[in-house]
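Here the chain labels run A, B, C and D in written order, and each chain numbers its own residues starting at 1.
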Amino acid sequence: MELLGIWVAALLTLGIFSFLYKDNPVYKICESIFIGVSAGYWAIANFFDALHKKFWIGVFPTDGSDPDYFLWFGALLGVLMLMRLSSKIGWIARWPLAFIVGATAGLYMMLYFVSNAMNQVSSTMRDVIVVNSDTQLIIWGETVGSILIVIGVVSGLVYFFFSKEHKGIFGRTARVGIWFLMITFGAHFGYTVMSRMSLLIGRIDFLFRDWLHLLK
Amino acid sequence: MAQKNSKRISIVPFVIVISFFSLIIFSQSIQAQTEQEVFDSVQALIRQAEAADIPPAPVMKLQAVDNPNDKGGAIIVSWDLSVDDAEVKAYQIVRSESKDAGFELIGEAVRGNNTFVDNKVEDGKSYFYRVLSMKTTLEADNTVRAVSSLQATVEPVVSSAQWFYMTRASCLFFVLLISCAIIFYINKAKSGADIYVRKIAGIDAVDEAVGRATEMGRKIFFIPGIQDMNDVQTIAGIAILGRVGQLAAQYETWLEVPVSKSLVMVTARETLKEAYTQVGRPDAFNQNQVHYLTDDQFGYAAAIDGMVVREKPATIFYMGAFFAESLILAETGNAAGAIQIAGTAMPSQLPFFVASCDYTLLGEELFAASAYLSKEPRQLGSLKGQDFGKIIFMAAIIIGVIIETFTNYNVSQYFKVK
Amino acid sequence: MVSTIATVLMWGVGLSLIYVLYRTIKGHPIERRVVFLYIALTISLPLLMGKTAPVPVTADVQQLVDALNELTPGSKVLAAFDFDPASAPELQPMGVAFMKYAFKHDFKVIVMGLWPQGPQQANQAIELAMKDEIIAAKNLQYGIDYVNLGYQSGAEFVIQYMGSEFKRMFPLDDRHIPYDSLPIMNDISNFSNIDFIFNLSAGKPGTVEWIQIAVDRFGATCGAGNTAVQAPQVYPYLRSGQLTGLLGGMSGGAEFEKAINEKGQASTFIFAQMISHATVIAFIIMGNIAFFITRKKKKA
Amino acid sequence: MRREIPLIITTVAGLVFAVSYFIPHWPFGEAESIFGDWVAIIQAFAIWLGALNLVKVSLEKIYRKKEDALYAGIIIVCLLLTIAVGFYDGFTGGPQSSFRDTGTSFDWIYRFVYTPLTSTMFAMLAFFVASASYRAFRARNFEATLLLIAGFFVMGGRVPLFHLLLKPFTDVPYFSEFAGWIMAYPLTAGMTAIMIGIALGIMSSSLRIILGIERSHIGGGA
């Protein structure tokens, strides 16, 4: 089974890569298999791990604890969600959707405000002069860095400020802001290249090692 | 009008932030500094304790308190490490409802840890705790023997739920402040007040790009990304499509919108039809300008790829949510020599657009552009409210850094929310 | 033998770039598929050459290793595997190295995933770690020394409820054993009983959500390994101390393997990674040289 | 009715989550827990909705005998096959076992069909990045130049590439440290500004949803 598996995996890999030459039926077949298997995988995982584990065990406990009747409401909302498949009563799927949207909005509002705004403001608000606690000397690399962070954050926010025209000192600050943003995107760019190459290395390694046995 | 507005907004937040900081500094300066004394006494105790052999010395300063700021059901047991911490295998936490008997093991904390949170308590009941410093020794006959010494709490402790997270008070203040600002500006925009939005380079370039396509007699492509209408970026993209549509209608240039979601197709058709009508050219609108390709990510990219190579459009717009296909699209457009204007809030795709397109709307600029072009009060008001928030945070950072650097006050802790 | 041929071919590929540069300057850039071929070669050949490269351990990685070193035997570590096989080349080596480290240091490991594929990847990582001789000798028991809680739907909401009660989200573990029958979970109710969270993340839900909820709301300590695409987005959390240590992409994995002295997959890949970066850099430079020459000509 | 009920549901759910951040006491703490269970269950149903919808769309394609009917058929067969194998392994595995245990047929599908397909899909991006870097990434203005230079140092510094080039002269990994410095300071600064902006954006849209000013998710305008 293992050997058959490796051959199947290798052929599917090559099938997807055939897209690089041009879009072709083999690629489309592999892609269709992918879509089907992927949806099936998610469905199975959610059946056993979420619906069985969370709902079924909750309302029919096996360890003698009290059943949690509230879970039935959750299941009811879930079933309403499935109504979307019908065009006649599909509108009722908006109820569970409204619940999810509302809950997410409520949770996100505080999560993002706290972790991404307040705590970041707090971490930017530091003594910019970094001193080595033993020698009492200024650590220049970190001090310059800390000052850069303050300048970068403030000028970046100025760039994303839309109620005032970018003129004069405001405009020049925004210009500095965009430099910081560009360095940020540049670093993102470098990391993205790294990521993509890693994935390809992983695939080629599979072909060479497990399939062709060129590597040990 | 706009100028006056922007002046007012830049003073109010500063006043708020400065008064917030003054309050902090005032309250901090009246706090006594007794931390050091407590620390010294503990050190003295530790020095007094002899280095006992077996069992390890008991923990010190054991205390059990109700977990503050929670919905009840938790008690925090904490102690100062045994002086023989290095020998200790684990601190065993035992609990009883009476002071002298009926203790049960409820958990262990490994060496070096000085707290244990007991999450299995009932609110309203009194509990007594004991912590055993336990170590195991291997006897001559190869059996493991555990020895321990204990320390007990004297006062009973009761857990309860609290009504408010005190540590989150400053957070609540800023949430309310900014929320009020957003609601205020939305209402103001709804009542017809003029809300100013600054110039955005990519949007200014739209006229030029459409004009160029007209001169060259070639097509314009508008690509609204691969997400459905439930994504705010797609909605923002469609708002920009309205503007592009108006210009295309005026210049009589063929605008083509290939989409990957059927709902986007319907919306884009309506938007374009309206845009053509607004500039008095409803007859020039053709349903087939907006057409569906495929839902699939790479399939969509490959199809557009083919269209661009065959038809060599003069201008291509990418406005919406893009994922990995952004690369393929931007590369092909670039090779075909088109002017490319992109806008997305996907941080991992922005670098590729910046490097290969002529103009790029970065993140929030996309939403601002959409607010500016659609003139919708909800969007305009929110934009202004968010700007208010930005000013608050900018002011806080600048003043905070100055205070932190040149004084001894620790103001950053009031922004750190736990 | 294979590696010698690969080395010779690699030099050939490198030299042929000069011709590519010449063509590009002349205004006849090579076709897209030829670029594809170059990438395929500059990744395949270095892999076959079987070389490694020295990796200096960076501060972000060292911070994570330091935090792990501070944990004592018996510490309870939550390992959240939030990725799918698509990102496995980057994250799986980190997962394997972490498991080896944790088992060798006698941590109690609790595995879970917010992505359904995560627990399956974790099983593979544990399986591989168990093959290590030292770890095999320990004869670790499922349910006592480690456990796989499986996946639960609800993304960030799962973390939110784990903050008050793990059991509520995982009444059964992955093998359908009730929570209360697992000795390892005996004195674990929520994050307050967990000493360290190690998160491997390829997107959403992932490190950002763990920080926002487990760390900022419930006071846990969290270190993470991220795909390189996501890593830059979490750097602000690193500075603010919300995140304790970060492994970014393949190079982060290789540095981690070096720092904890567990040579693994990432270390063997880093040479190919390096050559592929060199190729991309070369292509960017060539493209831009041609761009500036043609622009000058137009102006003149 | 059709409009009001979803609106009320949204507001109640949103308020419970926002308020319980500040008030842990009954009823908010409890309501939050119960709602959280529901979210997990609804999201699991949503995944099934997606799978069923895929079947529906594919069946429609086959019905209309479109050119991609063959592919639609493959999708349905693979989907049903995976689900069938998963159910079989999940229900017949006996006690203390899981559908994802090593050695099950479902694990075979995972290892040898799902894994190669999904990872190869993403691995293809490596090729596209390379060709775009050659044909499209130009230092066309100051901003793009800055971006490419930062990318250059990060790409070369995060792997031992520049370190090896410098090796004949010094053993200190200057380029690695410089790449680390870019990440620790300028990147962190830019990213923090973006994060604060996004946080405010999410806050304002959440606020609009909770207060019922934004209704697009329930199919209504302003």
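Throughout what follows, a contact is a pair of C-beta atoms (placed from the backbone, for glycine too) under 8 Å apart; a residue touches a chain by one contact, two chains touch by 3 or more.
Everything numeric in this text was worked out from a predicted model, so none of it was measured.
Listed by label, the chains touching chain A and chain B alike are C, D.
With every chain reduced to the mean of its CA atoms, the largest distance from chain B is reached by C. Once CA atoms are averaged chain by chain and compared with the all-protein CA average, the nearest chain turns out to be A. In this assembly, the C-alpha centroid of chain C lies 16 Å from the C-alpha centroid of chain D. Mean C-alpha positions place chain B and chain C at a centre distance of 23 Å. Among all residues of chain B, those that touch two or more other chains are 71, 175, 298, 347-348, 351-352, 354-355, 363-364, 389-390, 393, 417.
Of all residues in chain D, those touching 2 or more other chains are 21, 29, 37, 39-41, 43-44, 47, 98, 100, 110, 114-115, 118-119, 121-122, 124-129, 131, 133, 135-138, 140, 143-144, 147-148, 151-152, 155, 158-159, 183-184, 187-188, 191-192, 194-198, 200, 203, 205, 207, 217, listed in ascending order. Contact of a single residue of chain C with at least two other chains is seen at positions 36, 39-40, 43, 86-89, 117, 150, 152-154, 157, 160, 164, 169, 174, 216, 229, 232-233, 236, 239, 248-249, 251, 273, 276-277, 280. Across the complex, chain C is touched by residues 29, 32-33, 36-37, 39-41, 43-44, 47, 95-98, 100-102, 107, 110, 114-115, 118-119, 121-122, 126-127, 129-131, 133-140, 148, 152, 155-156, 158-161, 163-164, 173, 176-177, 180, 183-184, 187-188, 191-192, 195 of chain D.
Taken together, the chain A residues at the contact with chain D in this complex read 1, 4-6, 8-10, 12-13, 16-17, 19-20, 28-48, 50-51, 54-55, 58, 68, 70-71, 73-75, 77-79, 81-82, 84-85, 91, 94-103, 105-110, 112-117, 120-121, 123-124, 141, 144-146, 148-157, 159-160, 177-187, 189-194, 196-197, 199-200, 202-203, 206.
Listing the residues of chain C that touch chain D in their complex gives 29-30, 32, 35-36, 38-40, 43, 53-56, 58-60, 84-89, 117, 119-120, 123-124, 127, 150, 152-155, 157-158, 160-161, 164, 168-169, 174-177, 232-233, 235-236, 238-239, 248-249, 251, 270, 273-274, 276-281, 283-284, 286-288, 291-292.
Taken together, the chain A residues at the contact with chain C in this complex read 20-21, 41-42, 45-46, 49-50, 53-54, 57-58, 61-63, 103, 107, 111-112, 114-116, 119-120, 122-123, 149, 184, 187-188, 191-195, 197-205, 208, 214-215.
Of all the residues in chain C, the ones that touch chain B in their complex are 70, 72-75, 164-165, 186-187, 189-190, 192-193, 195, 216, 219, 229-230, 233.
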